[in-house]
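Since the structure comes first, as structure tokens, the remarks are kept for the end.
Here the chain labels run A, B, C, D and E in written order, and each chain numbers its own residues starting at 1.
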Amino acid sequence: MATDHKTLQPLEFYKTFLDRKSRPDGRNLLEFRKVTVNAGSIGTADGSAIVKCGNTTVICGIKAEIAAPGMDEPSKGFIIPNVTLPPLCSSKIKSGPPGEAAQSATQFIAELVANNIILDLHNLCIHSTKWAWVLHCDLVCINLDGSLLDACVIALITALKNVTLPIVTYDEELDKLICDTDQKRPLEGIKQPVTSTFSLFENGILISDPTSEEEQLAAGLTSITMEGALVTHMYKPGGCTLDEKQVKKLIQQSELKAKEIVRLIEEVCLSSIAER
Amino acid sequence: MSGTELLSDQGLRIDGRKPNELRRIRCSLGIFAQADGSAYLEQGNTKVLAAVYGPHEIRGSKSKALHDKAFVNCQYSTATFSMGERKRRPRGDRKSTEMSTHLEETFAAAIRTELYPRSQIDIFVEVLQADGGNYTTCVNAAMMALVDAGVPLKDTVVSCTASLVKDTPLVDVNHVEQSGGSPELVVSILPHSGEIVYMSLTQRFHIDHLSKVLDTAIKGCKDIGVILKEIMKGHLTKLDTSLQAS
Amino acid sequence: MKETPLSICEKQCVIQAVKEGQRVDGRSLAEQRKTCITFGTEWGCCQVLLGNTRVMAQVSCTIQVPKSSRANEGMLFINVEMSTMAAEHFEAGRLGQQGIEVNRLVERCIKDSRCIDLESLCILVEEQAWEIRVDIHVLNHEGNLIDAATLAALGALCHFRRPDVTLDGREVIVHQLDERDPVPLTILHYPLTLSFALFDQGKIYALDPTNLEERSADGKLVLGLNAYRELCTLQISGDGVFIRKEAVLSCANVAASRAVEMVEMLKKCLAADAAERIKGKYDGLVSSVALEAERITTQSQATAYFKTPVHNLEENADEESLSVPKTKLVKDQGIVTLETKSDVSSSESDIEMEPLPPASVVKKRVYEEIDIGNDSEEEPVMLITKELT
Amino acid sequence: MVTNFACLQTTLHNFVLFFTITFLVQFKTHSYLCFIKILKSSVTLFTMETEQKSIRALKCEQSVLSRADGSVMFSQGNTVVMASVYGPLEAKIQKELSDRMYVEVNYKPKTGMPGVAERGKEKLIKTTCNHIILTNLHPRTAVCITIQEMQDGGTLLSASINAVCLALLDSGLPLQCLVAAVTCLVDKKDKIILDPCIRTVKEGYKAMFTFAFDSQKYNLILSHCEGQVPYQLFQEAMELCQKASHIIFDFYRQAVLRKFSKELL
Amino acid sequence: MAEKSFSTHVNQIYLPGDSVVLSKTDENSNAKIVLGPGLRKYGKQILVTKPGILRTKSSPPTYWIDCHHRRYVPARGDDVIGVVTNKVGESYKVYIGSSEEASLSSIAFPGATKKNKPNIQIGDLVFAKLLIASADMEPELVCVNSLGENVGLGVLSTNGFLFTVPLHHIRKLLNPECTLLKSLGKALPFEIAVGMNGKIWIKAKSVKQTITLARAISMSEHMNKEEMNQLCKKFIDRQAGF
């Protein structure tokens, strides 16, 4: 009976839960799913992390390269994010060139990078106008069940914290790079943004950390990125409207989540360093 | 390259031709067994292969079908090895697409398309060696292939180029003359009525010269027309005798 | 999305009109539509209105490695963009055959005729040179895109200023626009195209064809010319078009004198723009945003032309209910023949009118009558005439 | 009013100046509305007191393109954007939706090919349009919205959204509500600048926000941020933009009024 | 807006999202109220969906928004002009400017039978009535009434001229109070077919006259009654040879 109701009228089915202030998976409206983080599990990458938010699983691998910096910003390095949604992650994703979901996720991360929210890119400079680090950050989602951006940002930050780079110096007289592969050091100045995604329903109900089913049914999505108490990004691409009170509530909620996640990431990083 | 080098004081061109002299034309018809009509044409060092298929039913997208006439589909392609530098895309780039469009328009005018409603005629041309006047050679080769295929035509189409150096019009321009910065006028005509079906010009010259350059090109077209007609006649007589022999 | 199908009726009417020396929008055969050129605040931005056809070009530049075959020259890249904005059958990001034709003709007219001195764009031989890129955006397609596109491209190139560079040894220093006065491009000559639609086996030709005329014609003749009466491009194309040599020559002569006027006009517009800039408070394209209220005021201009008292508001009462039995008129009679006079008298009036003065005079009169906008020269926007295409 | 005079005088000639002022004062009076119809009314609005807390002059021309079903050339200060709407059109088979209209948005930059940044803008505008257009009234069709950058005066994204809204109004497609977008910027001294011009943007900033609000309850439809600030400032910026959105909604009303001025009464 | 009295509401500009207040009498009576184009009921409110002018009509109380359109959306019973684009089996595909091409059966003509069909070429113009027009179905045209009789619909002669004007202009021209067409007819006799889809077919004695008339009609888009009269007067004077 219940399954019939769900397949025939998914929205009605869902709304009966919302009316009782609960959700089909047993969570409260503003409850987040359990987050599991694992750092440094991929040996071939310069930095890596696996993040699970409920069922959504994202792997981030970072490979570092050295290249000449751009003409316009000679003392900055590069972070090149790329979110891949392979067909195995969801039945809705088809093989072929990256779809809209993957493209907009990549664009979102790229915007965070461009706004200096992830890392001060000056830290990636080896020698101004000559050499800088390029970090290729590949984010592969192996199970897509909503709130992709949340998982991607956690994975990216954890992986960045996990990166160790050899010490490279530039000898100006010889016009040569000197690389000390024995000594490696971690990156400095990584910021700690945390993204929280919320779904909005027509009747003004807000739920946090939606599953992909909930994302489908919702009338709108919004992703708020906080770093500590700073609002760093509020991404709301149209959809259902929000009033000021709701915005305030969402921001408070994200702030709470941000604190927890930051603590979690720090713990994980400490333990992974200890292992090493 | 300056005009003096392109035209010597004796009035001879860089390859020793007189200003109104065509390059040597060699042609053979019916060279492919697969195609309904085919031709190989040499104008000097420019060498072109042409093949014609059809009229046949519309292939690919059905929406291309025209309810009252045949759809003419042309493809202009330049072999990767045909020029000094290797050509990366033999077809599909803007210049090739433009050439294909012009071939389509020219032959849509020449072929009696109204006889074959809702069908398609394919013309493929491949430039094997490019030495100036590629487009004109392609038009001439395609026309020969159409004759070989027996597609009914309103009139034959012949094409020729002309240029202007030191106020002297030159006919049938080769690659050196073309790339040396002198203008190039391409003209396709129906030799019977003398009407122009296609014309294009690159580089510039004063409008007062247009008349004589155009005249030179038309004269060139007519001369080529006469030569090609001879070749056609030869080919058809050969066919005729071989038929009668069998 | 497909292009709106063309009916036999429209085609026949256009052809018949052209044969009688008239055009559907009231112009004569050798008349161009009103051309309007405006510039943006950024250097190298030019918008051209040719009747209702609207095209914008923007020039930009980057430093690149020059081609090995032309190591001492800069590069010029011309790109035409057509999106659904201009017409519903255009697709954003994909140029169709028509787009490629426009792109190639602009390229041939401007690039192949070497109107820009590319050698002056070289910074370091074989190492660094400016690449000038012209993006031409087609905004509204009401025919004759080629002429509008070349005019916009040329206007944008003339308007463009690139940042100044200095060499410090082999080090190239690019000066930002506010640091040092930017440098204009060296324009060697001003090439433009003028297009004719060919009708009746190339015997009749109409300058600056509208979309309807382009689609009804046998083909078209595009002539690229500069102010020195030099031919820069020429192209005859179209499905099954035939033209005689004499016709080409006479078109070329008409076009040559037009080209001189157009270049003159472009130079005037450029000078006016430069003068505005010096005055300061320059807002570029903002001033070309005409309020549609002007369209309505043009109508009151029309009333002024008809010598009536000043437009009175209280009498402005419009019909109360517009959508009342809207089909009635048609439903009852089918094809309605609105004939108030008897047939005989009306034909008489026709006969009276026609043989009077030489035909051309009568024609002229009718234009005046309809192009109300033309009589009020000071009115910058003439939307009445715009509506007619 | 006095400060208004100052900034008005610089932008408009005297004739319009007189007019705009009377217009502001007598906005609700009917006779003045009629008066506007006849004269060239350059609708320019300045309501907030200081210069940096006001929206720059708004101007638009509706039905500017002859082929589009709805089109507008819109300027906000020196930012000029053109938007066109075609629809309902036949949808491509792979894009056809059985229960509603497919909304296609193309954002065209002035130079170069559209890249990832443009895709991002397209997505923002597309989801906003999906919300405001009553898409279920025209199933199995498509609407094609194209935005062309014409002149960058600092606030292209908000100008694009406003232009799209005006173009939709011009096309007469059924809409649930209207949308107005406002950009504001938090400079390095934590000062909020509403509707910044290009020079201000280029001087650098701490954060730049674009908010869009609906016309019914003035709730947030869209938000896009660059940079980071404490919540307090974020909220202040949002409220300021929300207030400013009223000016834009008023502007929409006047634009439509102009279009229909001959048919009123 | 909501606090205004009803009389100030009618004939005013409304924007999508605005709510409409009914007149006191309509609100209190039990009679059915008809909401026309541009209005929809949302809960207890009546919301506007299109920008335009609110108009009303009594008995039955009807409210609608007068809006400007350029794209045609088929409505049942409308007479439209279309271009024949294809023939599929026993019916024709006709382009009428809407999102989907309409179909027109070859026997939906006066006097047509299976054996005696009208001779229609691709590219011909037809003046037909919309029999089926629904958002979910292909529109269908007919050239006869329900009894199969000739009602003046059918193929239009290829000698005329076809042009397109915005849809609100068509409504203005077809309004019985609009005298433009009649006045023009006094100056020059002509045949005209006006399609609700914005297409007008016109034919006069000569091509020149046809063009002049077509331009005068499309020019009158922004004119009010008085301006139209002026236009006609001038037009008639011209034709008389002044």
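Criterion: contacts are C-beta pairs under 8 Å (C-beta built on N, C-alpha and C of every residue); 3 or more make two chains touch, one makes a residue touch a chain.
Everything quoted here is computed from the prediction, not taken from an experiment.
Asks: On the document's contact criterion, could you list the chains that touch chain A and likewise touch chain E?
Replies: Output, common partners of chain A and chain E: D.
Asks: Name, by label, each chain that touches both members of the pair chain A and chain C.
Replies: Per touch definition, common to chain A and chain C: D.
Asks: Could you let me know which interface, A-D or C-E, is made of more C-beta pairs in contact?
Replies: C-E
Asks: For chain C, which other chain has the most distant CA centre?
Replies: Using the mean of the C-alpha atoms as each chain's centre, the farthest one from chain C is A.
Asks: Rounded to a whole Å, what is the gap between the Cα centroids of chain B and chain E?
Replies: 52
Asks: Using mean CA coordinates as chain centres, what's the chain C-chain D distance in Å?
Replies: 28
Asks: Distance between chain A and chain B based on Cα centroids, please, to the nearest Å.
Replies: Centre separation, chain A to chain B: 60 Å.
Asks: Please report how many Å separate the Cα centroid of chain B from that of chain D, as a whole number.
Replies: Computed from C-alpha means, the inter-chain centre distance equals 55 Å.
Asks: Can you list every residue of chain A that touches 2 or more other chains, as numbers and ranges?
Replies: In chain A, no residue touches at least two other chains, as defined above.
Asks: Taking each residue of chain B in turn, which ones touch at least two of the other chains?
Replies: As it turns out, chain B has no residue touching two or more other chains.
Asks: What are the residue numbers in chain E that touch two or more other chains?
Replies: As it turns out, chain E has residues touching two or more other chains at 66, 222-224.
Asks: Would you tell me which residues of chain D are touching chain A in their complex?
Replies: Residues 116-117, 119-120, 123-131, 209, 212-214, 217, 219-231, 234-235, 238-239, 242.
Asks: Enumerate the contact residues on chain C facing chain D in the complex.
Replies: Contact set of chain C toward chain D: 1-2, 40-42, 45, 47, 52, 54, 56, 58, 60, 81, 83-88, 92-93, 133, 135, 137, 139-142, 281, 283-286, 288-294, 296-297, 300, 311, 313, 316-318, 322, 386-387, 389.
Asks: Residue numbers of chain D touching chain C in their complex, please.
Replies: Going by the criterion above, the answer is residues 10-11, 34-43, 59-68, 71, 73-75, 77-78, 80, 82, 84, 86, 89-90, 104, 106, 108, 110-114, 144, 146, 148, 150-153, 258-259, 261-265.
Asks: What does chain E use to touch chain C in their complex?
Replies: Those in contact with chain C are residues 36, 55, 57, 64, 66, 77-79, 83, 85, 95, 97, 121, 123-125, 127, 150-154, 156-162, 168, 171-172, 174-178, 181-182, 184-186, 188-194, 196, 201, 205-208, 210-212, 214-216, 218-219, 221-227, 230-231, 233-235, 238-241.
Asks: Quick one: which bits of chain C touch chain B in the complex? Just the residue numbers, please.
Replies: Residue list for chain C touching chain B: 69, 97, 100-101, 103-104, 108, 112-113, 189, 191, 201-202, 219, 224-226, 228-245, 248-249, 252-253, 256.
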